[in-house]
Structure formats: C-alpha cells, structure tokens
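Here's a structure for you.
Chain lettering (A, B, C, D and E) follows the sequence in which the chains are written, and residue indices restart at 1 in each chain.
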C-alpha cells in the first residue's frame, strides 16, 4: 500500500518536472525535447515497478520493469537472433519489396486516370483484409521461414504506400503543372522535376506508416507458423511457458526497433523534405 | 449455487465432452454448482488465466503444468480424467522414416505454447538435437492445422489421435501413405488434460469442497460421454458457438477420446505421474523441469469425490 | 506581321452550376514587338485568355494562331515565357535552381545555364540570392525570381499574369522601368495582365479593356505614348487622358454589379 | 459513374488473374487426388512431381485444370467458391444461426463499435490535451508512436487475462484491444486538425479576447472536422482488426475472428477466405457509412463544395 | 486626447538567421478620430506595428499605450476591430455566421446580434448574401464581409492591414468612399496599412511613411485635405502634391535596396 502511494508520488513528481521543463526557457532546445519524453517514460516505469511490487501482482500476469530489464540483459544473444530473423530478414525485406513495388505501381497508376479510379477503391478494400486472416494463408503459400513473413509485410504495406504515393503525385498545384507545360516538358521531365519532389511529403507519410505496419506484420505472422526463432515465435512460446519477462523483453525490442526504424525514416524525411512548411519552424 | 469457472485449453470440441455433458445433463446443478466453461484458443495460456483469477480450475497437459510450477505458479493436479496420451507424430512414409533415429535431417512440425515439452523430452532421450543442424531435426512451430504435412512443408507433424490425425485422413490421405509414432508406444507419454487448481486455494475448505463436487460431477459426465458417444458429440456441437464443427468430426473425436479416458476414474495414478516426471527429467542436456516436483498433485479431492 | 491572332474566340467552362462563358467572341491581333496590357474586373477572362494563348486552355470555338501555327505547336516550339499570378517557385529548389529548371528541361549546356542564371538574377536585382530557398525571400523577391525564371530561356513571347500585384508601389515602379527596358532591348512580344490603370498605361503600346459575364473585349486602346518613357510621363496630359479612357471603359464593365 | 466502370473493369481483371492463378497453385493437390482416384498423371512419381513447377504440371495434365477451381481444400480457392460460401453463409442461412456469417459479423461488429467509441473518445481527449498543454505534447506524443510499434497480438492475451482477473469478460476485453488500435490514428488526425487553423484565424480570436474554450468550440473544433473524419475512417478499420485479433485469445467462440481461426484450424480455406472477405466488406461498409455521415455533416457545416 | 501613443518602440524578432529589427525607435501619437495610413516597402514593419497596437505582438522595448492603458488591457476591453490582409472568413460559417462570431464571443443578445449583422451587411453592400458561404462569394465580396465582421461590434479603434489589396481599382474606389463615409459618421480611430499612395492620400488625415531594416518611421505627413472628399479630389493639385511627398519619402527608404 505504501508502495502504491509512492507510485502516486513518483507520478506527480515526474509530471511536475516535465511541466517545469516544458514551460521553461529551454523548452525548445534539443536536450529538453529529448528529456521530457524520457522523463515521462521513466515516470511510467517507476509507477509500474512500484504498483507491481506494492500490489503483489503475480509475475505471470505482469512482471516488474526491473525483472524485464534483467531478462533483457541476460538474453541478449537470443534477442539478437530473434531480432535478425524477424526484423532484418522478414520485416526489412518485406518493407523494401512492398514499398518499392507500391512506388512503381503508383507511377504506373498515376499515368492513367482510369486505372487510378479503378484500382484505388479495390486497393482500399484489400488493405482492409485483417492480417490474422491473411497471415495463415501466406504461411501456407510461402513456407515457415522469413519469406512468408516478408510476404505478409508486403501485403500490409503495399496499399498504404500506393495510396499515399498516388495522392502525392497529384499534389503538384495546377500552376506548377502549367509551368511545366509552358516549357513543353516531357512526361518524364515533369515526373522527375516536379511531381516526384512535390510528392515527397506524401511518400514519406506512406513510408512512416509502413514502418510500424512492417514490424507488426512480421511479428504477428510468426504466430501462425515459424521456425523456432523469431520475435513472434518467442513471444507466443514464452506466453505458453509463462515466461512473461521474456515476452516483455521481446516487446521492448519491438518498441526500440520500431522507434529507431521510424526515427530513421523521419530523419530521412527531414532532410529530403526540408522545404515543406511542416518541417520548418 | 457455488460458481466454478473452468478454463479449457482449446476451443469447444469433443476433447472436453465430459464437462459439457455434465453441464448439459444437470450433474453440476445436482451438486449445487454453477459451472461456466471458458473455451481456450490459440494463444490463451490456462495457467495465466488461473493466476489472474479468471478461472477456478483449468485443464492442462502435465508437462506444461509442472513447468508453470517451477516458474513459481503453484498449480496442483486434483484429478486426471485422461489415462492415456493421444499425442503422436504423423509422417509421410515416402520420406523413408521408419524409426526415431531417421528423424535426423528431417523437418518436424511441433506445437509450442507449452505443448512442446513432450517432444523436446523425447528428442533428448533419443539424443537428437533440435537446433536444425544436419544431424538434428529442423523444428517448425506448427500452426493450428495439418497443412504443413499436406503441403509437404514438413515431413512429420504433431497430431492428436482424436483430431488432427483424422483431418489428415479426411484430406484424402490413405493410412498406408503414413507412418505414425504414438508417444504412448514410444514410452515417452506424458499425462494430458488433467484438472489443476492453485495450491493456496485448496487450503480453503469451502473451495476444496466445491472442487470435490465439481470433480464428482465431471467424472460422471465423462463416464456418460464414454457410454453415449453420439449423444455427447451432439451436446458438444450444441455448445459450439463458432458453428464451424461438423457432426461427423465430433462423433469420431468422441470415439477416440473415449479410448483415452477409458482407464481413469478421475484419480491420478501415481505410476503415471512418476513416468511423466521421469520422462521430463530424463531429457539429458535440456530437461523441461530441473528437479523432482513436490506437491504437484493431490488425492485430497478425488479421495473425497470417489467415496 | 501578326504574332497572336484571335478570331471569334469562345471559351465556355462546364461547371455544375451551368456553363460559364469565360470568353465570348474575342477578336484581337497582336503584332511582333507589341506590349499589350489586359485590364478588367475580376473574373472577366484575362487569365483565361492568356492561358489560351499559352495552350494551357483549349478554346471551345473560334480560331487562335500564334506565330502562324496553333498555340499547341507554339508551346512545343517553346515560344512562351509565362509568369503566373503567384510566384509559384518550387520550394525544394533554390532560387538559382528554380531559374535553371526551364534551362534543364530545354537541354541547355551546363555553363550556359550558369551564365544565364547569373544574367537574369542581375536583371531582377537578385544577384547574391541564388543559393537561398524561396521561403527565405520576401514575396516581392519571390515574384522577381519567377520573372527571372520566365526570362531565362529567352522566349519570343512573354505572358505575364499580374506579376506585380503583390508588390509595393516603389518596387513596382522600379520593375516597370526594368521591364520596359528589357522589352525595348529584346523586342519581345509581351502580354501583360494588370489591375492597375497607371501601370497598364505606362507600359503598353496597346491596352485591352475587358468586361465580364460573358468575358469579352470592350475596348482596345492604342497608346500614342513614345517608346521612351521616364516614370514622370505619368504626370503628362496625354497619359492622364489615356488613363481616363481606360477608367471609363472599366466603369462601363462594372455597371451590372 | 466513370469510377464504377473503372472499378468493375479492375475487379474483372483481378478475377481473371485469380482464376488463372488457381491453376498452378492447386494443380499439385488436384493431381494427388486424381492419382488416388486411379487416374494416370504425368510425371507418375510423386517426388518428381513435387520438384516440377505448377505451370508445367498444368501443361502436362490439362485434363485436371477444371478441378483446380473446385477443390475442397484448395491452396487458393476460386472466386466462385468464395462467393458461393459467402452467399451460403449470409443470405442462404437464418441469421441467428451460429453458422451464419451475419451472426458472426454482428458479434465482431458490436465489439468493433464499442472499441471504436472508446478509442475515438480517448483519442479526441488526448488530442485536446496535447494541443492545449505543452507538457502533454512533449511527453505523450513520442510514446503514442512507440505504443503503435508494439505488436498488439502479443499484448492481447495479457490484456484479456488482466481484464478477466478484474471480472471483465465478453465484449469489453475485445473492445479494449480494438480501442488500442483505433485511438492512434484519431490522435494524430485530431492533433493535426486542431492545429490546422492558421495564425491569422487564431489572431482574429485574440482581437476579440476570446477565451481558450471559445477558441476550441468556435474555431479549432470545426476546423478539425475534415481531419477527424479522415482519421475516423482509418480508425474504424483498425478497430475491426482489433476486434478480430481480440477474438483469438478470448476462446474465439464467435465472431469473424473465430471463423477465421476455425477455418484455419480445420484447413477450410474456402471458409477462411469468405470470413476474410466478410471482414473486408464489413470494413468497407463502415468506412462508407462514415463517409456518408461526413458528407452530411460537412454539408450542414457548409464545408462540402 | 491621444488614443495611441508609442514612445521609442522597439521590436526585435529572434530568428535562426539572427535578430530581425522589425521596429526600431518608433514614436507616434494618434488622436481620437484620426485616420492614419501606414505606407512603406514590404517588410518595413507596418503589419508588426499594427499587431503591437492590437497586442498580438509583444514589443521588446519602449512604451505603447492605447486609450491610456496597455494594449493587452485594451484588448481585454475589446477596443479593437482588426481586418487582416486576407479575408480569413471561417469556411464552415455563413457570411452572417462569420459576422456573428465576435458578437457571440462578446455575449451580445440574440436579437441584437441579428440586428447588427443586418446593419453591417447593408453597410458593405452585402445585404441578401448573409446565408451564403464564403466560398460562394468573389474575393472582393469576401473582403467586404471581413470588414463587416470587424465593424459589427463597434470597437472604437479599427485596424486594417491592406484590406483592399486583392481588389480591382473600381471596387477599391467604391470601398474607399464607403470607408470614408463610415469614418466620418462614427468618428472611429482608424489605422490603415496600404501599398497604394493614392489610397493613402485619399483616405488619411495622417500618413506614416516607414522604411525597412530596421523598420522605422521616416516621415509623418498631416493631410490638409478637407474631410469631405469626392473621388475626383485625386486630380487636385493639393492631392498630387501630397502624393509626391509620400512618393519621395518612400523612395528615400528604398535607396539601400
């Protein structure tokens, strides 16, 4: 009970520090921008730890962060193996293939109004197919190894990427297009010099959405059949073995990998679309 | 009436016919019990539900229950309606497999999620590595169906006598195309589908009394199901909310299940228990449990129930 | 010889409110080297007419030739420089990059590109700003950059749609002067849309007054002003006289409002 | 109208491709069946056949091609099989029957709607907080992104168990999972929307000395409506996926997820595909419905053009 | 009595390119009922100064009082009507709804709201358009609606930032006349930013000429024109004289460019 009370205290304290930082004069420095979410995260961890200990929550329901950290540190080789199987092999290859194919398709689709009108609704329909249904089918088709995970990722990222890229390619304003016309520019000149640069914010939007989809897709697909390695495999097996600390260690890996992946894409976005109003401050 | 929640370890099917029969026939009501049967699913871990207080009793395979016990979750077997194991490996004959030693270099589908322990014990007893090397077996985490075998993605898969094996045959495969290894025959059988509760709860006399009545009624249900397999299958079908089960399938399953429950009156046979523990401990380098479990079972309930 | 020749030109937009007669029976002929201003209330079809000339819009009736051929062919021969109402610079390119854009598309050599970019930057008083991005410049500077872009590839016909609308009077005067000089030097044919009567009178050899609903030409005024025009010509009686005539023409087009 | 023609054309093309794809996908299975039934197939040796590609097999055994569209457990069911199954399990059946897809769709839909309501409410509240409080913005937003990198299917069983242990069963745990998936798009869209008024519009209110509540109701909220609907459309399909995921570890007793799983468990590919399409059709209907509401609302607000 | 009083006003923006001196040592006093125009090249701080008066910007130095109190307090007392450079109507409200907006916020009674909306719609010649949405109106009409919105709650001080920039000359003339009439009738104090010299001279009792980098006041011209001003006053010698002085002042501010 006292521990639970301490949890409340930690929460108030963390929030107060953040409030002070965010309103303070240094609020816009990169250091504070990084510190505030970190403090928030640490506060949550502290509260979690204290609540779990204070209320005696069983390990098999919710392990304390300290236990998870210990498991994480103690299982680095396994975690790394799972990471490379699921993320490096499954998610990344699927991401590259899916986004690449969607990009090329978008350029094709964009050339024909008819295709665009016809394909996009169908695409939205296909994108609504729930992954828990498609994953078993793709595992059946592409086998148990990472290839089927990549296929699931391809299916998941293809349409969001397609829709965004197609929308982006139509983003150039009428005036910008007209300008190209007055120069008598060819289709490819128009594409490379106008429509692709103008589409970049949208393309990156698609790429960003796809990062989390790719990760989740690769992990979830492993629930439906896998070799005896991989984050999804480990999670589902560990739940069965009541090794909840391992489950959370894998979740931590997923969250870190996802955030880093997202961060890299966001950074690339910042450098490529530096000109877009949303990137200026 | 006292309420009891029972967590199954899989979806509603004839594997759990005894409980559904007992409920349907009013055996539980007769014992002044209000029993709620919670179906399981592909990623629901019954011990976790038990630990969370979501259920009073669970069905589980003994290896998984013992492993949970070692993990610090004190579950206790209070009854064992299943005498015999229904677990087996089903392989294509044309892979040239004739015995366990031929598994080397082959691909084998295994259920995980706490159901991998019997297989791992068996392999370590045979001295076969399971890490995918050339002189070991390549293990796949098998999904929920027999496709890996039919699609030839695996040379062998895990099947239950009462369920997946029938599905393989249903898919048109002839029995002589297959070779099967029953764990029971290989001497590595482990106890399946026992009833488990949390140790602490048992100290409460009211709870223990509730369990006595529960086990008594359940066993009555089981025995009825054994004798009236068609009716039992029908009751199971009535309770299946997915509407996906077929009558033929459930009738056959009930027939096979009856063979597994046949030798049990509900009380755990100590010899069976010891054989299970030995199998699990015997697993050479990578045993499932590391030491002889203490207090993992009790006759306290069955003694009372079967009086 | 007549560079631009419109005969009975019609253009009707089909909208869901019904047809909009943006241009109705427009007749106009513009000779090589003329500076023609278009003036008229909002929505009278000035922009539409300019767009027809540049083959950005397809007339629904009548005939229009540019350099004796169809606007489409003239466009393919890269006969136009076009300055839009808003600057419309590409935000992902520097000022120099924006000016280079048409040069790249038309396949000019690298060093020729550099040379021309420097020349036109000088011309519009933006030397030294080549490396900046559009959003780093004021609106007026952006507009000048867009003019530079249209000048860079030295098209025969320059079409400008209210290029100075967003600028203050001093900058505007200055650019007016510059534009006149450029025109005198290069003998380009210029079509120029404006809302300002003094500007139209100061710049043009011919002022076309238009009126809306349907868009049509109500008056064409040939300016008797000499081609040498200091800024204070705007105080001359002749100038005021022409301005008055333009204003009258405009007012006539406004009665229905 | 033109769009309809275009969509139909694309669908028709896809159906043709689909039928063609069935041949190489299913031929191996068909040949095994044919062989068991006593027909002679080339090559006769099973192992050799497994090493041959589907297209070659189809070419050598053209007699078996029609059967690839009518298998009982195909690797890829033919479109008419899926449509038939859909028809049979929706129109052709009493909707209260447990075998009716309509019944299962309803089970999933109810969890979806509840989850969607929770998720949307939470998302909007969070967005309002983020827009009005710098602390919230800086602390919560990065973690909202992180939360979406966690595979929900891993958390789902734990969420279920935790909710079980506090006595919540049935629709609520599913709705919680579906809310978890749908709140994020709503937060992102709503934050964008609430921040969409430009500086001038905000300054205008300052010259009136409007309170921040007035600013919210009179400016930010109406300005955010188009953004809100765009993200609601994403959110509702996410909700549906969440409800389906939530059905797997809740015993999968009813609902589209249960159908998917049961189909998968018994290798009923046709049933999987029909449940899959059922889910997608349901999603399409929900999105369409939101679209209609959006149109009506924006028209009333005068924002539709 | 002096309504607006600026003493040594400074405003420096901190940007990542270094500080921008938007206003430097600005001294100005405006009396009740004056019509003051601000004119100057782009970026000289006209908008910034207006925003300081309206407490939308915080000066970094000097003193500024409005009605004897700080701008902030004056804002809270709802002393200003502000017309922005663009119309900025809310697209989800009708014209009447837009005009009602400040009235709702300031808590006017329902029927009073209706009455005022009708009054100001009449005033800007938009009677009958109350039920339309902004995008159903032309740019000029939108701008008039935004003026109506600023007039509706009858603030003492009216601040207008280039309100007529987007309009053509005829409409502009018309609105200038209307504005003068309104001012004469209501005796409001008006601050008015424009780029047009004739407009500034025609409307104002006082013309403030500004110059950029740093933004400062270079000339303050009190107009001797009578308060009764027909449009053709613009051809009078007095008018041309003042216009000339303003132009000179502007030109001086431009030398450094």
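Here is the rule we go by: a contact is a pair of C-beta atoms (placed from the backbone, for glycine too) under 8 Å apart; a residue touches a chain by one contact, two chains touch by 3 or more.
Please read all numbers here as calculations on a predicted model, not as lab measurements.
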Intersection of contact partners for subunit B and subunit C: A
A-C against A-D, pair bridged by the larger set of C-beta contacts: A-D
Rotation angle (°) superposing Cα atoms of subunit C on subunit E, nearest 5: 175
Whole-Å gap separating subunit A and subunit D, where each centre is the average of the chain's CA atoms: 18
Mean-CA-position distance for subunit D and subunit B (Å): 34
Distance from subunit B to subunit A - Cα centre to Cα centre, in angstrom: 38
Subunit A residues counted as touching two or more neighbouring chains: 61, 136, 140, 223-224, 236, 239
Contacts with two or more other chains, residues of subunit D listed in rising order: 75, 153, 157-158, 161-162, 165, 248, 261, 264
Where subunit B touches two or more other chains at once, by residue number: 42-43, 45, 48, 51-52, 143-144, 147, 151
Those chain pairs that satisfy the touch definition: A-B, A-C, A-D, B-D, C-E, D-E
Touching residues (chain side subunit E, partner subunit C) in the complex: 40-43, 138-140, 167-171, 195-197, 235, 240, 247, 250-251, 253-254, 257
Contact set on subunit D toward subunit E in their complex: 198, 200-201, 203-210, 214, 218-219, 222-223, 225, 301-303, 305
Of subunit D, residues touching subunit A in the complex: 2-3, 6-11, 14, 25, 75-76, 134-135, 137-143, 145-146, 148-155, 157-158, 161-162, 165, 237, 240-241, 244-245, 248, 256-257, 260-261, 264, 269, 272-273, 275-277, 279-280, 283-284, 287
Complex contacts: residues of subunit D adjacent to subunit B: 29, 32-33, 36, 46-47, 50, 73, 75, 97-100, 103-104, 153, 156-158, 160-162, 164-165, 169, 248-254, 258-259, 261-268, 271
List of subunit B residues in touch with subunit A within their complex: 42-43, 45, 47-48, 51-52, 64, 67-68, 71-73, 112-116, 130, 132, 138-144, 147-148, 151, 153
